[in-house]
Amino acid sequence: MNKMIYPGSFDPITNGHLEIIERASKLCDELIVLISHNINKKSIFNKEERIELIALSTSHLKNIKIDYTEELLVTYAKKNNCNVIIKGFRTFNDYEYEYAMATYNNALWDKIETLVMFPSLKNQFVSSTNVKELAMFKADISAYVPSVIVDKITKKINKK
Amino acid sequence: MNKMIYPGSFDPITNGHLEIIERASKLCDELIVLISHNINKKSIFNKEERIELIALSTSHLKNIKIDYTEELLVTYAKKNNCNVIIKGFRTFNDYEYEYAMATYNNALWDKIETLVMFPSLKNQFVSSTNVKELAMFKADISAYVPSVIVDKITKKINKK
Amino acid sequence: MNKMIYPGSFDPITNGHLEIIERASKLCDELIVLISHNINKKSIFNKEERIELIALSTSHLKNIKIDYTEELLVTYAKKNNCNVIIKGFRTFNDYEYEYAMATYNNALWDKIETLVMFPSLKNQFVSSTNVKELAMFKADISAYVPSVIVDKITKKINKK
Amino acid sequence: MNKMIYPGSFDPITNGHLEIIERASKLCDELIVLISHNINKKSIFNKEERIELIALSTSHLKNIKIDYTEELLVTYAKKNNCNVIIKGFRTFNDYEYEYAMATYNNALWDKIETLVMFPSLKNQFVSSTNVKELAMFKADISAYVPSVIVDKITKKINKK
Amino acid sequence: MNKMIYPGSFDPITNGHLEIIERASKLCDELIVLISHNINKKSIFNKEERIELIALSTSHLKNIKIDYTEELLVTYAKKNNCNVIIKGFRTFNDYEYEYAMATYNNALWDKIETLVMFPSLKNQFVSSTNVKELAMFKADISAYVPSVIVDKITKKINKK
Amino acid sequence: MNKMIYPGSFDPITNGHLEIIERASKLCDELIVLISHNINKKSIFNKEERIELIALSTSHLKNIKIDYTEELLVTYAKKNNCNVIIKGFRTFNDYEYEYAMATYNNALWDKIETLVMFPSLKNQFVSSTNVKELAMFKADISAYVPSVIVDKITKKINKK
C-alpha cells in the first residue's frame, strides 16, 4: 500500500496512538497522521500543540506526515489520493462505532477501505481522556504517553 | 504489502469470505487464502472440496493463492515469509475472539500483524454454519454463496 | 393481529417461556406455541412430553395452539398464514442471534415480521439448560418452571 | 392490536424511523408516532418542524397519528388508552437501554407492553445524529432520510 | 478484611447503592462510603445533602463511615490505610469502565484491590440518573430509593 | 473474611487462575481452591492430576486448601461454613454467565456472596482451553502456566 491515513483527535497523542502509528507505518510507504477537527468536541490542546506533540513523539519514524483537516475524512482522503484508513480499537465499545463509521465512509466513497488493529494489552485502556484526568490530579502519566511529551502535557493541563 | 494471509475453515466459502478476499486482494501483491485444519471441529467438506470451491469462487482474481495447513497459523506464516494476517468480523461476538487470537499470535511471533475488516452490511450475518443449515432444509442459498458453487453445496449437503 | 407464532425448543418449558406466552397471548387472537425440531441439538424431553408440559402450563389460557414442526420456521409460518413471530430475549447474548435469525427469515419471506419482548427481571436468567442442570443435582426448581410440571421434570431428569 | 405508540425524538425523522413506522402500521389499527420532549437534550428541529417532517414522510400511510408530549411516556399511554409501545433497535448498545426503559415503564403501569423490532441491515447505523453531522458537512444524506424531506433538512442545518 | 471503600457520586444514594453497602458491610470491619467529587459532572445534591441522605439510609448499619474526597481514589485509599475497593455493576456497559478503572488504580498503587458485586435483579437498572428523571416528572420513586429519603429527594428536585 | 471459595475446572490451572488465587489469598484466612466436577464437560486432566498441578503451583502460599466436589457449589459452601465465592472474569463474555451463576446461587442460599476480580491485562486472554490447544501444537506455553508445571502439561497433552 502506498499511503494510509490514521485519523483522530490526538488531544493529546498517547502511547496507544503511537503504537498504531509505529505498526501501521511498517505497512505502507507513507502514513498520514490526520488530526480531524471535531465540531462537537472541545479540545484542550489547540491545532499547533497537537501537531507538535505528534511530531515530537514520531521523530524516530521516517515515513510519517502530520496533517490537519476540518473536512469530512473521506473528502480529505479523496483529495490526497489515499483510500486506506487505519484505526485502532481500544475496547469493544469502539466496535459498533467503528463499524458505523466504516459503513458511512464507504457509502460516501466506495473505494475507501477501513482496516482495524487491536492494541497490545498494555495499551488497551489508554485514552486521551484518561491521560488528561490523571494529569489534572498531578498523577504520573509517564506510562501512558511518549516520554518526550510528558512534561508538556502536565504543564498545559495545570496551566488551564 | 507483499503478501497477506486470510485464514479460515471455509467449510464452505461464503459471500462473506469472498468479499474479504476481493477487498484484501487489492491491498497486496499476493493474498494467500489459507484453509486451516481445526482439530476440534469436524468439517462437512473435505480438503479437496474446500479448495475447489474457493478456486471456483475466486477465478476472477489474479493474485490469489489457495493453501492448506495443519500447523499453527504463525508457523505457516513464518515459513512463507508473510507477516500480515487479514480477518473479517462477522458480528461483535467475534471481537474478543479475534483480539485473543491476535494477542496469542503476537506472543508466538512478534513480527506478525493482524488487520481486521468490517463486512458490508448485507454480509453481516452470513456464515458457513447458516448456509449449511439452510441447505439442509433445501432453502435457497444463492444470496449467501458465490453463484458458481450453489449447486455443488446443495448437492453435497443433501447427499450426506 | 390475528395470529402469532412463538417458536422454541421448550426442552422443557420454563417460567421464562410462560411469561412470553401469557403476554403475547393478549396481543393476538391466536398464539401458536411452536416446538421446532433442532437437528443439531439433542433434546431430553421427546416431542410428546414437551407438548404435554406446555399444555399443562398453559391450560389457563384460551387462545393457545401447541404445534410441532421439523420444517424451517418460515415454511411453517407461510403454510399457516401467519406472518408474525414473537421472541423473548434472555440476555444480551441473544441480541445478535435473534437479529441474524430475523434477517434470514426476512430474506426467505419478506412478509414475515419478528417482534421481541424483554423478560421481566426475575426471569432474566431462567433457561431450560439451567433448569435441567439444577434438576440433575436434585435442587429446587420451583422458582423456574410452572408449578404443575415441577414433579414431572424432576422425575424425568433423574430417571435418565 | 388496536393502537400502538412509537415514541422518539425524531430530530429529524430518518429512514430508520420510517421503516419501523411502515412495519408497525401493518400490525395495528392506529399507530401513534409520538414526539417526546427530552428535557436533557437540545433539539435542532422544533416541535412544529419535527411534526411537519414526519407528516411529509408518512403521507402514504393511512393509519398514522402524529402527536407530541412533554409527559412521561406511560402517562401519555394511559390517557390515550394505548398499552403497546413499539421500539426499534439500532445497535446492540440500545439493548440495555431499551430493557431498562421497558422495566421502568412496566413498574409505572403493569399493563404496558414493549415490543422491539430489528432494523433491516441497510438502516442499521442510520441515526438522526449522523444525518445532522453529514448535513453540516453538506454531504449527501439522501440514503438516510425520506426523499421528500432531504432539502428541508439540509437547509435548516446550514441556516443554523 | 479490615476496611473497604465503596466510592461513588451518590447523587443521590439509591436502593442499588444501599444493597451494595449492606452486603459489603458484612465482609469487613469498616466500610467507608466515599463520595468522590467528579470534576466533570455537575451534581444536583451538594456535598452536605449527599452525606445526609447516605447517613439517613444507613442508620441501621453499625460499621459505616461516610466520607468525601476531591482527591484521586487511590490517594485517599493510601492515606486511610485501606487497599480494598468494592464496586457494584449495574449493567454490562459498566464492565469495561470498571475494568479500566481497576487497571488504572492498580498502576497507581499495586497494593490496591478492586472487588465487584452483581446487583440483585430488582436493582439492576436502578441509577441516580433515572431516579432524578422520574422525580422531575413527579413519578413515584419509592421502589428505587430508601423510604426515609423519598420526600427529601422529591422536594429537592422540584425546587430546583 | 474467614474463608473464601475459588471454584473452577482447573483443567489445568493457568497463570490466570494463579493470579486470582494469590490476590484472593491476601483477603481471607483460608482460600479453598475448589475443583468442581462438570458433568457436561470432559476434562483432559483427571482429579488427581488437577489437584497435583494446583498444589505445585501454590506451594508458596500458606493459606490454600485444595478440594474437589461433585455437588452443587452452594451445597459444598454450606457444608464448609463458607459463604463467599470469588471469581475472576476473563473477558466480557463472562459477565452475563457469572451474573447468572451468582443469581442462581443466591436463590439457592441467600447468605452466599459472590465477589469478582478483573485479571491483570497480561492474563486477560489466558484460558485452559487455549493452553491445551497450544500444547497440542507443541508451542511454548510458559507464558500462560506456572513454570513448575509446564513440562507436566506438555507431556500429558502429547501422550493422549
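Note that the chains take the letters A, B, C, D, E and F in the order they are written out, and that residue 1 is the start of every chain.
To be clear about the criterion, a contact is a pair of C-beta atoms (placed from the backbone, for glycine too) under 8 Å apart; a residue touches a chain by one contact, two chains touch by 3 or more.
Small disclaimer: the values here were computed from a predicted structure and weren't measured.
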Length of the shortest touching-chain route, chain A through to chain C: 2
Chain pair showing more contacts of the two, C-F and C-D: C-D
Residue-number overlap at the chain A/chain F interface, same or different (half cut): same
Interface copy of B-C among A-F, C-F or E-F, judged by whether over half of the contact pairs recur: C-F
Interchain centroid distance [CA atoms averaged], chain C/chain E, Å: 39
Chain A and chain D, separation of their C-alpha mean positions in angstrom: 35
Between chain A and chain B, centroid-to-centroid distance (C-alpha), Å: 30
Where chain B touches two or more other chains at once, by residue number: 92-93, 96, 99, 103, 121, 124-125
Every chain pair meeting the contact rule: A-B, A-D, A-E, A-F, B-C, B-D, B-F, C-D, C-E, C-F, D-E, E-F
Chain C - residues contacting chain D, complex: 1, 23, 26-28, 84, 89, 92, 95-96, 98-99, 102-103, 106, 113-118, 120-121
In the complex with chain A, residue positions of chain D that touch it: 91-93, 124-125, 130, 133-134, 136-137, 139-140, 143
For the chain C and chain E complex, residues of the former touching the latter: 92, 121-122, 124-125
Footprint of chain A on chain E - complex, ascending: 39-40, 71-72, 75, 93, 96, 99-100, 103-104, 107-108
